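Two complexes follow with subunit A in common, the first pairing it with subunit B and the second with subunit C.
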Partner chain A sequence: MLLSLAPTPVRAQRPGVAVERRLAERLGLRVGDTMRLASSPDSAGRLFSVAAIYDPPRDPAALLKRELRLRMHLPDLAALLGAPDRIDRAGVALRPGVSAETAAARINLSAFGYRAAPSREIAAESSQTFAVVSRFHRAIAVITVVASAVFLLCIMLLKVEERRRDAAVMRFIGVRRRTIFGALLLEAAAIAIVGALLGIAIAWAAGALTNLYYQHYFATQVVFSLITPRIVLFGVALSLVLGVGAGALAALRLVRTRPAVLWGRG
Partner chain B sequence: MSDGIRAPVLDGRNLRKSYHLAEQTVQALRGVSLSVAPGEYVAIVGPSGCGKSTLLQLLGGIDAPTGGTVSVLGTELGQLSDRELTHLRLTRLGFVFQRFHLLPVLTALENIELPMAEAGVARAERRERARALLDYVGLADRAAHRATQLSGGEMQRVAVARALANRPAIILADEPTGELDAATGRELLALFRRLNADGATLVVVTHDERLAAEAGRVVPMLDGMITCS
Partner chain C sequence: MSGLGGARNLLRHPLRTALSVAGIAVAAAMLLDMVMLSGGIERSFERLLLARGFQYRLSPRGTLPFDTEATIPNVSAVVTMLRRDPAVMAVTPVLGAAIFGRRRGDDSLVTLFGYGFDPSTHALDEMLRGRELAEGDSTGILLGAPAASLLRAEPCDTVTIVGRLDPEAAAPAVERRLVVRGIVRWIYDYRGQPSVGTTLPLMQRLAQVASEDRASLALVKVRDELATPATTARLRRELPGIEVNGVADLVRHFRERLVYFRQLALILGSVSLIVTVLLVTTLLTIGVNERLGEIATMRAIGVSRASVLREVMIEGLVLVVIGGGLGTALGLVTARYLDAILTSFPGLPAAFSFFVPRPRPLALAGMALLVTGALAGLWPAWLASRAPIAETLRAEAT
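Now for the complex of A and B:
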């Protein structure tokens, strides 16, 4: 449907229309203003009064469509389109406790020429793109985690390698293998936790910047990047497991070596 | 044990050590024997590569000889498990290294406490002993300083205090003045002299003629053998 918009001051009582805030801001409309709506640029259209300005629900699927919307009563829409017996879509509000599936089935049985579906089903259909993107994100995350684990192991081996002489001296003065192993493990855990917290801080800052940019770009309140407590917990736990695991492998290699070899002899 | 005959605290017999480098076998020690009596101050001297440090490592149970035996206070080191050997090094031997090797994240006091903590000494006691040792080496006012905040001479004195922490029977030092300038080297000489006067048994590997001159016995080495003692 094509609508042409033309604000016009008129005194008579007009049918009301609710205008999406972005559209109202773009046209400089306020509640009480009158506007002319038409189904095509060459038709005269009808006059409506702006009854409300509303914020649409945050819908990522609607972002790229760049649609600006307004809402009116169904008879007014039918009259405007000159097709009183035709609508493309209609939403049905159900009383609390009524099953959407049962209601949709009953509506579908009552007549032909349309299809009723629960909103969950429609949302799932329209979110297919996001599901595919989400799978890509998961794949990238898995690759990143594997690469990070290898990198972490290399870093831990290098860090431990730097401690060869210190470890040798500790063994010379009578410090047990398990004490050295425990100390290296503690250090690995501390590095992993600090790394995880640093990563979360960077992710939070990057997310905030992403939100700021795209919310401004799309003029929306949709949250594009969200760091939940679950993500933080998962990040810290994963980092701890990988860090301690890599540290344990590196430390084990060190404490199993004879002190004289660690010292560079033998 | 009869009067006048003192059993050695450290006894190395016919020690041999060889290393395999690529296709070659290097004989670092070729049948060295050395006994150290309680309270003795022995300096092992010789050119680089003559086997001094290898001998010290074998005497300290850090490395195992290819042949021969080492006894510390009558216990033959070859008979001990790795755990027993570690415990003996912790409680009976004190080590001082050329490059100090203090743990940089710990304070001077904590570095001295470390061997005592490992030996299970109670916290209050080890703190008191560590303070007394810092006082002994003249660094009472540096207790809270990290190793990295100390000068070379101070680090070496802390290392000596660490070596004394578990009241060892013998102190083994490998080039203890090697990284020190003349003035701080002299301070360490004085400290070793005082330690020996207080009854400590010292075995020192050194290039430093002044340090060797302080010792009661000088053991010269050449090509993996003691030339005369």
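Now for the complex of A and C:
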């Protein structure tokens, strides 16, 4: 649809139109202004009066298309498009207790030129894009977890190996292997927890920055990055399991080595 | 001390080295994937747009091709005007419309996407079986493989195509029996899209837009050297009611829509490099600390600081080169897997790819990885070369 601004004063019989805030801001429109709407550049179109400026619902599906929308009464739009009594879709509310699937199947038996679909089916179909993005995120997350696991294992190994001489001294003065193993494990767990907490803080800051940037970029209130308690719990648990596991492996290797070798004289 | 010494040091701790190489390999794989993703989207889209050499898409004012149901009226006049333009080599108008077909056997209606086009330009399809439509063929139809399967039809079969259905009259407004000339692959179709194609006038009649001579878009081919911003500007001036988009404009629009993936690629690529730096620095620093006595002895017998510095840096580079090599293989495998996920986006052309390997960015990524490895080795190398000889030897002896 095409639109232009007309400086004509508003008249009462002029149909009203509700304009999306972004569009209103872009065109400098205010409630009460007059605008000309046309279905093609070569048609004169009609004058409308801006009756309202609204914020659209937080719909992630509409974000990427970056469409600018306005709302008007159905007969006004039909008249503007020259397509009276024609619609794209209609919503049907069912009486309580009636199954949407059964009703859709019944309507479709006699439908000609249209198709009835339950809202759930439409929602599933229209959220396909997000399902794909979620699968992509999961795949990236798996790669990240593998990389983190290797990184953590490596760091823990190095960290524990740094304690070779300490472990050797402890073994020389009679400290049991189990005690050394426990101490190293505790250290690994502490490092994993501190690392996880630091990671959560970084993720929170990165999430806040992401939201700030994309909300400004798309001029929307849609939340792009959400760190839920479940995610935090998962992150802490994963790093704890990986950290303690890696620490245990490295500590086991250390306590099995002879003290003289640990001291560098073996 | 030599470069080989650096490599030999890594073999002293095989587990530690293996883990570091594995970590660098995963980070390098991620970097490779993200480099392919960052520019691959645009490259793939550009390749798709230029598949048949048409550099311009003309669509209704304010729209992108097939983004809305808007159409261009009096398209024949637009095409005639363009064909008179000496810069224009070919123009082909295309109408896209939702139509229906009767399934052979049970006569049930299936929804199809119909292309009306000029078959002589081969702008939209690639023949798989059968033959192309002849110019002015008003009784023939081309089917994509999904449409052929839905209609249960093969070349030379006759199918019934139905235009707009009128719910009020409960009857099809237009119904035609057409002979399947061939089975084709529609270049711009998404996976599984049941598309059919006829000549433009026939599709206009099926979609009931013949009286206004409407088309969804027109594809324009000019000589390569004329596909310039100046030609775009001139076409825009000459066709004020029509949106003129060159390949670069469409790529720009597409890039805006997929900005998320480009930024994700940038962030994850940077994280990969940081992980590499951390891994190499940590490993080398601890390795150097363990070998301080040995390094001090070497220095005491006359090995220069530069040699120590070189050896430690080579150690880092060896790690990065081996990790990077493994990461390249791993990255190519993961890229295929990730591409399979992303190309299942609804409405995306089946020929589209997100992860496209391009020599220059890949070489740059490799260089970045090498430089990162070298820089990561700098700090531990400096530590090693500056170690106080006497003090270190005394500490080692006690």
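Rule of thumb we're sticking to: the second predicted complex is superposed on the first by the 230 of 266 C-alpha atoms of A that agree within 3 Å, B and C clash if a C-alpha of one lies under 4 Å from a C-alpha of the other, contacts with A are read in each partner's own complex, and residues count from 1 in each chain.
Convention: a residue touches a chain if its C-beta (ideal position, glycine included) is under 8 Å from a C-beta of that chain, and two chains touch if they have at least 3 such contacts.
For clarity, every value in this text was computed on a predicted model and none was experimentally measured.
In the superposed model, A:Leu157 makes contact with subunit C only, not with subunit B.
Using the contact criterion defined above for the overlaid structures, shared-chain residue A:Ile87 touches neither subunit B nor subunit C, since it reaches no partner.
Of the two partner chains placed by the overlay, only subunit B lies in contact with A:Thr179; subunit C stays clear of it. By the document's definition of touching, of the two partners only subunit B reaches A:Val169; subunit C does not.
For subunit A, the partner touching the most residues, choosing from subunit B and subunit C, is C. Contact with subunit B, but none with subunit C, is seen for A:Ala260 once the two complexes are overlaid on the shared chain.
In the superposition on chain A, A:Val132 makes contact with subunit C only, not with subunit B.
Applying the stated contact rule after C-alpha superposition, one finds that A:Val146 touches subunit C and leaves subunit B untouched. Subunit A contributes residues 1-2, 40-42, 64-66, 111-114, 128-129, 132, 135-136, 139-140, 143-144, 146-147, 150-151, 153-155, 157-158, 161-162, 217, 253 to its touches with subunit C in the complex. Contact residues of subunit A toward subunit B in the complex are 165-166, 169, 171-177, 179, 258-260, 263, 265-266.
Listed in rising order, the residues of subunit C touching subunit A in the complex are 15-16, 19-20, 22-23, 26-27, 29-30, 60-62, 67, 70, 73, 164-167, 170-171, 240-241, 256-259, 264, 268, 275, 278-279, 282-283, 286, 289, 334, 337-338, 341-342, 344-346.
On the side of subunit B, the complex with subunit A involves touching residues 19, 53-54, 57, 60, 62-63, 83, 86-91, 93-95, 97, 101, 103, 114-115, 118-119, 162-163, 166.
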